[in-house]
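We just call them A, B, C, D and E in the order they show up, numbering each chain from 1.
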């Protein structure tokens, strides 16, 4: 935020950036959901992550924005793409399968969740959420984040590392097992 | 604060959450379902960061960072499962994985 | 004195228990003798009590309590024995006649494979009957009442392979149970009003007239059932399915006359409920008439005597009902003698004829049974009331007393006199048919062992002389003996003139009856009138059985079947199952939600969340 | 160990023995002997207790209290009133006879079987001595646990359906009792049955009564009864109708009536009517039942109705009579079911159409069946008569028609019970009765004779119970309108 | 200079012990030869859980006055510690059951399996003590991810994979909901710590209420309450039975212990909302769980539905929000976890014997063949049904009492009615075990001959049996434990 705000000539630029990033974000999300090929969906998600990073920047979360690009776009998406490549992309019509009522109900459920949130936020938009404090320059900076991680949220920081470790172990177990020979499988059944 | 107020960001966040949920609800390819879940988590992340900005404290950002790690972990395990399913030569279709029911 | 009464009471019970517990360890003869001796011991006890009571003066009845039998709240009922003139007289009759009949049974039953059981039952019966007459309060009376019913059931159904016997036994028991029930109801009224079941209760003070009437009605119901009075009489003829000594003991001499005893015993109550007492008298009159009519057409030797028993008990009820309790009791006693005699004599005949009871097939059997013929004749004459036989002395005073008792007494007396004619007719119809000329042969030569003949002989004597101890109005020791307990009502004290008229008319009508019977059945100079319709009515015993069957049994059985088929099965048994089935149907529906499709699950999760959020937001 | 421990001992001795039997790999013979010995020891303890019981005091005796769930004011509180003593006596004696019967007929899987029988003994005793509502409820349901298996494993061909129905039906009632007792206990802050106050809540009363009415059973709630009684092994049927069903009546006497005097009198007519209906309906169905067990089952229904009439008469006569009647009927139906069992063992059936003529040559069987039968039909002088007499005398004081219906019931009882006796013992020999079917064996006599002897003793001296019921405790809280 | 906060290492020693054991087990997967791996890992796991048990008991004893540790992220109080004790206990018995398991795929990954088991238990012990939304979410994910992997670890079996995938996707959806709810709550109050939320929140703030609703949905998913329960039967059925046993018991303890604390600590002002919400969910769970269980043939699946119905009872305790309800909830959890674990362990034994899924039909004669397991199962099932053959009886009484005291007589009636329904299927299992002759059974043990001897499994079942039956008799000591635990929460 600090960076961008310094170069912006007032709110108008921010608005423009917001509109572009927000549009890109939503459009890529919709694309992820509606592409029939998972490969394209994964690529669309990268766009989504990127536009989100822009929004984070607008919200003065520099470090998070950086992490978003590094962790997600850099690591997670690579993993995705690797797996998709390994499996081989196969298409699937996005709205097919299952009873029609279920599709309709799904849309209704998702829409109602969205609407509820929107309505509540809309109710609050004029009041509680309208006013936002000024924050000082260090807000969102890596140093500030690091300090928080080591003081107030030390435990969370440690836990996060453990979660990643466990996931790694899990991934290894599930993804790396040796192939069983045909005879062995026959004897199993 | 310059530009749109927090509420606008939250609007995007809600929309992301809704679209992600829709993806989980309607898609059958587990890979795309996993991607949709990422979108949901990102929606939540956006809300966290927006609120963090709104409140002026760092908890939301820290939370968001942690969520990223969690999302990565889920993806890791999820992809591991997808690979395992693929190796069992099962269809990559959540509708076909319905042996357990009733 | 009371020791004698206790001995009298428990000796037969001891006999019954001893035979039961000994089982097959004793021979059949030993069992028979145990029973006989136990009853004679009881007789000894009765005699002991009698003389004890005489020594103390007859008005002093005495109560002794062994232990408290039943106690609850303020109600306290003891196992109490009452020794007073009435109970002593009954004890003597029961144990005396009973002893003779049990002795007779030794000969009569000697070929039966289950003799032991028979004698155990007999002893049990004597115990029950003694408990009935000695019981010092109403509840104990009811206990005895029920137990005699039980023993009667056991003995009627003694030959339990015979369906008819079993059915008759059940019928007797159920009929008597009805009587027990009405009696118990009467006691409930008494308890509610006086909280006591003692004989000495002053009913006047504690009870409204309605209550008194109800109690008396209840007692009368019991009495009628036990004494086979119309309308609860149908069991008695069927009860003849039992062995003949049983008929003699239970269904002639003792149990069936218990109703008369009860009325005499509870006369203070009945006098408070005079209407009910008169109903009892009317009931007796009706019974004696109807029974006499039915007896005219019966062909089973024992059934004829059974109907005559009903008829004679009708006389007793009549007497007790109008208030001459002593004469009722006196007739009870003489009746015990001559009716037991008749049955035992009939038993000899049946025994000799190998269980043949149809009088048409017995015709001419008298030729081979000379002693029995005489005994039967004595009994018949006593029954008809021909002087100097016992019946004359006891029956005619009842008729006389009725004559004295206002207008209704006259009606009753007229009925009783018609009954006297019928008695002569049916008794001698039987006599002349059986002992008339014919070809029937006995299968067993002779008239049985001495154990059979001795009781018949003794009873013959008693039937002859037993009435001589009282000849109203000249000589009334029985009445005086009973006066402290059951004084005759003034309304039933006939004048000498009425006595004379009654006696003359009764004897004359009785003789007429005999004469008609002679002409129709012995000489056969007068044809038996043939009125098919009337005869059919009589043969069907006025359709009482059929009516009860249609009115009570079949509706009850039908109702039971209806309940079982229409309610029990469809509703009470299957409703829980059906509820379970319905639940399972719902459950199958619930299960169908679980499609196995991941997307459905997520949908539920999402929808649930959305709904929950909306609800909370709205409720907030 | 003090005298007060006897009550607990009565509960836990058999349960402990059950666990021992399950745990130790004893032989069939040793298992059975141990079980019978323990159940006889129960009888012995009970006799000792009865001898030491002070009938002149009306309060609770042999009581013992320990904490259980302090948080909710629930305690382990046991003890005996005079009437509880009789219930316990009924339980231990009948259970001893039935356990011994199981030994005699040689039930397979003896360790499981005898363990369950002992467990059942303990739980049933517990019901009758519990002085805490939750404890009572625990034992009340605890009885079902062994019963479910006993019926389900050792029962007849239709046992599976019968046992599920039985358990679920009775649980339906007792779960509502659970709701009711929670409402009562939480509202008053105590579950103690000694210090608990009276309540005027009709709903709570009805909750309790539903459980008791199903257990007893009263008229429209008897759907479980015919199947359960027909399909159980005979000794379990005997326990069911002789002892278990009495728990429902005990509940009315101990809980429903004294704790809820106002509702009890408000609904008095209803329950008197249900009792009367049960009496008439049960008697009529017993009269048409085609089998021995059917007759006994429906006669149990009728008797339960009669006893309910006594209890809801709400006066001394009714209560005393009901207690006596419960005990007497307990023995009667136990004896009858055991006899039915011996008949079934000889003929493989209890259908009247296939039976008959068993009296000939089998005097012991005939005598015992006859004696029990006539006591059961309340022939005057029997203990059942004494009970019925007091009950109906009490009912008369409530209104005359109850007594009249009850008296009608006596006549019906005579009809169905004589029918049973005749159908088994009399007339022509049934097609399943072979000539060489034996009379009762000494082992069987040793089980049944004590029961019948007890009945005869009770017949000779019913005041022994009626004068020592201690139901004054129940009555003091009764508001008679 | 960063002043790292004081860390009360002792307060989190349970997790440290478990995590340490987890890492050792993981090392074993690499360093220990394949033949000894099972023994090694099982031993490590057993020692780890035993150590965790000791430390958590010690912590329980020494944490009479509850307080926050590690800069306000974790509650060191008796509520946490009691839940930890239970979780460690479940872990210990799970180790016993898992130590003998002879299924092949997991033999390859047996050390990883125990490592994950320890890790997920460690996550749960964090979860129940978490003091802010972030730690709550992270530790939730921690143990969830471990569980996802454990569910799918039998990856040669299609059902196991299916279960893993279903659990993962639905679980992530639930986590996302929880996360978004947390974000909204954070937005409404600017705080993520529970006490701060309570201090800053307004019960009429729709943002807060919406967040609360989403959090409830997320927790409802974890506690498998209807309508968030749909994954439960499939996952319980598909997962290896040892895992199911662990999951059914430990996850419920964690979810309910946390839910009660969260509601009481963070949302006391919204009690009127969440108590009704939980009551409604309770009714739905009771209805769906019990009804669907009626028509199941597969025993694991039936037990899964039964666990949904028990979630309903637990929710009754939760919905009262009172101290009494809290005690009832903890007591119920202790007893329930013993019964649930035990019953699944018995199913596991049968499954190993037959080598195929256990249905009602192929339980026939089981009670006679394996008397101890049969009796144990008998006790568990009757305990589930609330019959007085174990603490299940007291537990049901307890929660219903709490409901009544809360003024919810209707809830008592609902509970009672569905208990009645539940009776049918519990009895059906007993019926199958005892009342059908085993000759009807056409199956034979995989290895042939007599069923395998499994001393450790028997010990585990014995422990569960002891807890489930013993809790009927020693109620007061247990209630005292829960009383102290509840005293740590604000009322």
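The definition used in the following text is that contacts are C-beta pairs under 8 Å (C-beta built on N, C-alpha and C of every residue); 3 or more make two chains touch, one makes a residue touch a chain.
From a predicted model like this one, the values you see are computed outputs, not experimental measurements.
Colleague: Kindly list the shared contact partners of chain A and chain C, in label order.
Modeller: The shared contacts of chain A and chain C, listed by label, come to B, E.
Colleague: Name, by label, each chain that touches both members of the pair chain A and chain E.
Modeller: B, C
Colleague: Give the fewest steps needed to get from chain B to chain D, where each step moves from one chain to a chain it touches.
Modeller: The distance in steps between these two chains is 2.
Colleague: Look at the interfaces C-D and C-E and say which one is made up of more C-beta pairs in contact.
Modeller: Looking at C-D and C-E side by side, C-D shows more C-beta contacts.
Colleague: Going by average Cα coordinates, which chain is farthest removed from chain A?
Modeller: Checked the centroid distances; the maximum from chain A is C.
Colleague: Measuring from CA centroids, which chain ends up nearest the centre of the complete protein set?
Modeller: Taking the mean of all protein C-alpha atoms as reference, the closest chain is D.
Colleague: Between chain B and chain C, what is the separation of their C-alpha centroids in Å?
Modeller: Taking the mean C-alpha position of each chain, the two centres sit 97 Å apart.
Colleague: Could you put a whole-Å number on the gap between the CA centroids of chain B and chain E?
Modeller: 26
Colleague: So what's the Cα centroid distance for chain A and chain B, whole Å?
Modeller: Whole-Å distance between the two chain centres: 6.
Colleague: Chain A to chain D: how many Å between their CA centres?
Modeller: Roughly 70 Å separates the two chain centres.
Colleague: Residues of chain A touching 2+ other chains?
Modeller: Correct list: 98, 106, 109-110, 113, 116-117, 120-121, 124, 129, 152-153, 156, 159-160, 163, 166-167, 170, 172-174, 177.
Colleague: Can you list every residue of chain B that touches 2 or more other chains, as numbers and ranges?
Modeller: 10, 17, 20-21, 24-26, 28, 34, 50, 52, 54-56, 59, 62-63, 66, 70, 73-74, 77, 80-82, 84, 94-95, 97-102
Colleague: Hey, what residues on chain C touch two or more of the other chains?
Modeller: Those would be 580, 591, 594, 596-600, 602-603, 606-607, 609, 613, 617.
Colleague: Sort out which chains touch which and give me every pair.
Modeller: Contact pairs between chains: A-B, A-C, A-E, B-C, B-E, C-D, C-E, D-E.
Colleague: Okay, in this complex, where on chain C does chain D touch?
Modeller: 20, 23-24, 67-73, 75, 117, 131, 139, 142-147, 149-150, 153-154, 157, 160-163, 166, 169-170, 173-174, 177-178, 180-182, 184-185, 187-189, 191-192, 556-557, 559-561, 563-564, 568, 572-577, 580
Colleague: Under the touch definition given earlier, write down the residues of chain B that touch chain E in their complex.
Modeller: By the definition above, chain B touches chain E via 10, 17, 20-21, 24, 30, 33-34, 37, 40-41, 43-44, 47-48, 50-52, 54-57, 59-60, 62-63, 66-67, 70, 73-74, 77-78, 80-82, 84-85, 88, 90, 94, 97-102.
Colleague: Spell out the residues on chain C that touch chain E in their complex, using ranges where they run on.
Modeller: 580, 583-584, 586-588, 590-591, 593-594, 596, 598, 600-602, 604-609, 612-613, 615-617, 619-620
Colleague: Looking at the complex, which residues from chain A come into contact with chain E?
Modeller: The contact residues of chain A facing chain E are 116-117, 120-121, 123-124, 128-129, 146-147, 150-156, 159-160, 162-163, 166-167, 169-170, 172-174, 177-178, 180, 185, 188.
Colleague: Quick check: in the complex, which residue numbers of chain A touch chain C?
Modeller: Those in contact with chain C are residues 98, 102, 105-106, 109-110, 112-113, 116, 120.
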